[in-house]
């Protein structure tokens, strides 16, 4: 009796749970298990859409997430960028938030292999931080060069070859919004999709997924990639396994741990409840 | 029953606006902007008028019984318990700037804070109000002061202890709040306001010290954490009702009847829309209709 | 008189601004009026930004005062910690002001308040990691919270647990190994019951906001003023 | 020679570890990390405030004084209101601060009242008007659930207008319908809460992965040393308490 209660005590202590949780996340990252993954219809749809883009197409990518959201969004961004570069697309990156600048530089560093044979200004451009929220989004849709005059690195936009090809929303064949918040998706729907009919693709955190679902349901976006799972699937599709896959293993182990603790919690709870009921009857 | 003047004026205003709308509509005049569907404006107007009418009725003595909101009643219990245990009461209502569209939720949080402060005065509890909204530091100090002074315990008021503005940066605020909860060993943890990811931080910190927790927010994504973890919770619009209940004023309370009217409007529109679909009529189009001609 | 300036004027300001901003948002009188409104609206949001900035500065002074007081009251036990806070606060502001100075003195250098090099260093190496760490400490909390939240106390809790287990299996690759249906079941829960569940809450929150707005308009909501006079 | 960059990376790793240590127990090193964080955050927010003042007010006034005074002269008002915020330190004129709060609160409430009728009410209603009859049975069931849970949830929240049960008398049909919807609403919402809660676990684990990759993995030794120090601090703290 006392043995069971003290065992319950140990299992109930949050220190044990936290330590195991840390291990269950870190160990799979160090030694990926490689649990196979099934490609969901939604990711497949996005992949097929990008697959249909023609060489020389232009894509705008909004990079809007803070460093903490990197683990979920960056693998998506990398996989998408690889796919787009493979299709011969030219990409303009921009950020409506100041932390996007940091996120972009980290992304650029961790996907260095993708950018190795690409020329800045011709194949891709990073506009940097564009202040002004929704108003800026609207203004960008009308004219990028009318909104800002220099890119993130101080180059004049007029001097960049890529920026001679594109300026307004309708010049882009696809607009990808990678965001850790909810509002930015709505900005682009309202300012880019509704007036100009530009196809949008959403890349979101898994918590945000449900709240932007309606946009996809209403065909205001061609699809969405949500969280690490989508990243892992996309990595499989484009053949560049990375953080997305490793993270899925970590997700699996940590979820199983939490589930195990939920079971333990119930066992402890019910054994206590039953034993106290028996005690009351005595 | 003779209708009071205010009610007549309010209803007359509503009727006048409706008549003008119908007339301008038939004349195809651009009276409303294309920013929002006309139905939204209409619903807003009806709710405002309805709320005003109820408040006027309450002023004339009509009473509207309100269903129990368990979380609200639990506040007093929580404070009484922490006084018994000799532990302070902690309350907070969020971070950020009040000039955002979260303003109503901050106000609801302030309403609950006023209630908590009065109860703390009544029971002689030590109150720690942490906040991250720079505009209302002075307000919070005043509210806490008022709570203690009105209960005749001015000696308990010590602004440097009672009111702690931490910072308006989300996680710095959150880290300081969790530390406050744990270090001060609070007996009751009452958090009502617009919360983001920090909601669970507060709940778990409260749980570490075994505090009695009452929490509420109208931000959908955080409601589950409060409902599943706190002892009592306000779900969504209940925080606004709590603000009204806290005022202890019958007329203020009467205004929440307008929320019910709004719910009935929603239910009726949904049911009507579904039934009309059978006949092939799309109510959705009428609801989404924007006042635009040509 | 004193009650007028203390209590009524602020409430008149509130009512006037709410009525003006909301009415002109919905109404369309002419192109000129709409244009004037959007200019005024932009100006008003700038006003709010300016006021908030002053409030933040007052808040900063309050933080300093709070920590000075703590050092005085709690002595050595608290002094090192509060000193650190005070020192870093002042350091950040000083670096910011230096950047500000250079933004005028040497505009070509491209240094502004937030891009001043030392300021940036503190931001990237102190502020950003701490911020991210507090955010991600939630992973521990959500684990211990689910330990308690999913105890099956009643039928409702059982429903909660079943939902949660499906979602957790659906989210992980291991769930797919056990039964491939978890993924589609998860998607169904997220799109149908989950969406439906939050809809009444969203509607209710909207209604509550409107009614609170009404109370502010009609001067019934006075908690924001603090003292009741 | 230690470069600033390496030092920064060490500090970052240590701060992360010490902040995590709070989950185990409050300790002196968490307190230190917390106070460091608070100081930088407070300084950062003041710097941001100066930056916004600079952006909307000072820069236009300095660079283009002509147009600024012609078009934006009224910015003097919020400046005065902002300065009135300092009145909170006065015992007699504390109420002056209210004027500024009033403006900001009204702006916020105005924004909410504009957005809410469309986003929170009309959009949600139109999204719920779904066909309940059709050829696709899956869709029909989904739509029924959608409508019933939404309407049920709305009845759950009713505060003042709802049918009451009269003691002794059999429940009226209206009351029965109300109770049924009420329960559909609360059970539906519980499913939503459970789903969102469980779904959030994934995001949070994702954050931990990011943090680990950015701050801890590159500075393994710094992290380990910081962790050991935190453990010592926790033990010392516990001993002192005893």
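The letters A, B, C and D name the chains in turn, as written, and every chain counts its residues from 1.
Everything that follows uses one rule, which is that contacts are C-beta pairs under 8 Å (C-beta built on N, C-alpha and C of every residue); 3 or more make two chains touch, one makes a residue touch a chain.
Here the structure is a predicted model, which means the values were calculated and not measured.
In terms of the distance between Cα centroids, subunit C is separated most widely from A. Every chain gets a centre from its CA atoms, and the centre nearest the mean of all protein CA atoms is that of D. Among the pairs A-D and C-D, the greater number of C-beta contacts is found at C-D. Averaging C-alpha coordinates per chain places the centre of subunit A 20 Å away from that of subunit D.
Mean C-alpha position of subunit A lies 33 Å from that of subunit B. Centroids built from CA atoms put subunit D at 5 Å from subunit C.
For the pair subunit B and subunit D, the distance between C-alpha centroids works out to 15 Å. Touching of two or more other chains is recorded for residues 14, 18, 25, 67-68, 206-207, 209-210, 214, 227, 229, 251, 254-255, 258 of subunit A. Residue positions 19, 22-23, 31, 37-38, 40-42, 44-45, 85, 88, 100-101, 104-105, 107-109, 111-114, 116-117, 121, 124-125, 127-128, 150-151, 154, 157, 189, 192-194, 196-197, 199-202, 205, 207-208, 210-211, 214 of subunit D each touch two or more of the other chains. In subunit B, 36, 41, 44, 97-99, 104, 107, 135-139, 141-142, 166-169, 171-172, 175, 220-221, 223, 225, 228, 235-237, 241, 256, 259, 262-263, 266 are the positions where the chain touches two or more neighbouring chains simultaneously. Here subunit A touches subunit C in the complex through residues 12, 14, 17-18, 21, 25, 35-38, 40, 66-68, 98, 102, 154, 206, 209-210, 213-214, 227, 229, 232, 248-249, 251-252, 254-259, 261-262, 264-266, 269-270, going by the rule given at the top. Residues of subunit B touching subunit C in their complex: 30-36, 41, 44, 47-48, 51-52, 55, 97-99, 104-105, 107-108, 110-111, 113-114, 134-143, 145-146, 160, 164-172, 174-175, 197, 200-201, 203-204, 207, 218-220, 223, 225, 228-229, 235-237, 239-241, 243-244, 246-247, 249, 251-252, 255-256, 258-259, 262-263, 266, 291. Interface residues of subunit B facing subunit D in the complex, by the touch rule stated above, are 36-37, 39-41, 43-44, 64-67, 97-104, 106-107, 135-139, 141-142, 166-169, 171-173, 175-176, 178-179, 182-183, 221, 223-225, 227-228, 235-238, 241, 256-257, 259-264, 266-267, 269-271, 273-274, 277-278, 283-284, 287-288. On the subunit C side of its complex with subunit D, the touching residues are 5-7, 9-11, 13-18, 20-22, 25, 43-60, 63, 80-82, 84-93, 95-97, 100, 103-104, 112-114, 119, 121-143, 146, 149-150, 156, 159-165, 167-168, 171-172, 188-190, 192-207, 209-210, 212-213, 216, 224-226. By the touch criterion given at the top, residues 4, 7-9, 11-13, 15-16, 19-20, 22-23, 31-33, 35-54, 56-57, 62, 72, 74-75, 77-79, 81-83, 85-86, 88, 95, 98-114, 116-117, 119-121, 124-125, 127-128, 142, 145-146, 148-154, 156-157, 185-202, 204-205, 207-208, 210-211, 214-215 of subunit D touch subunit C in their complex.
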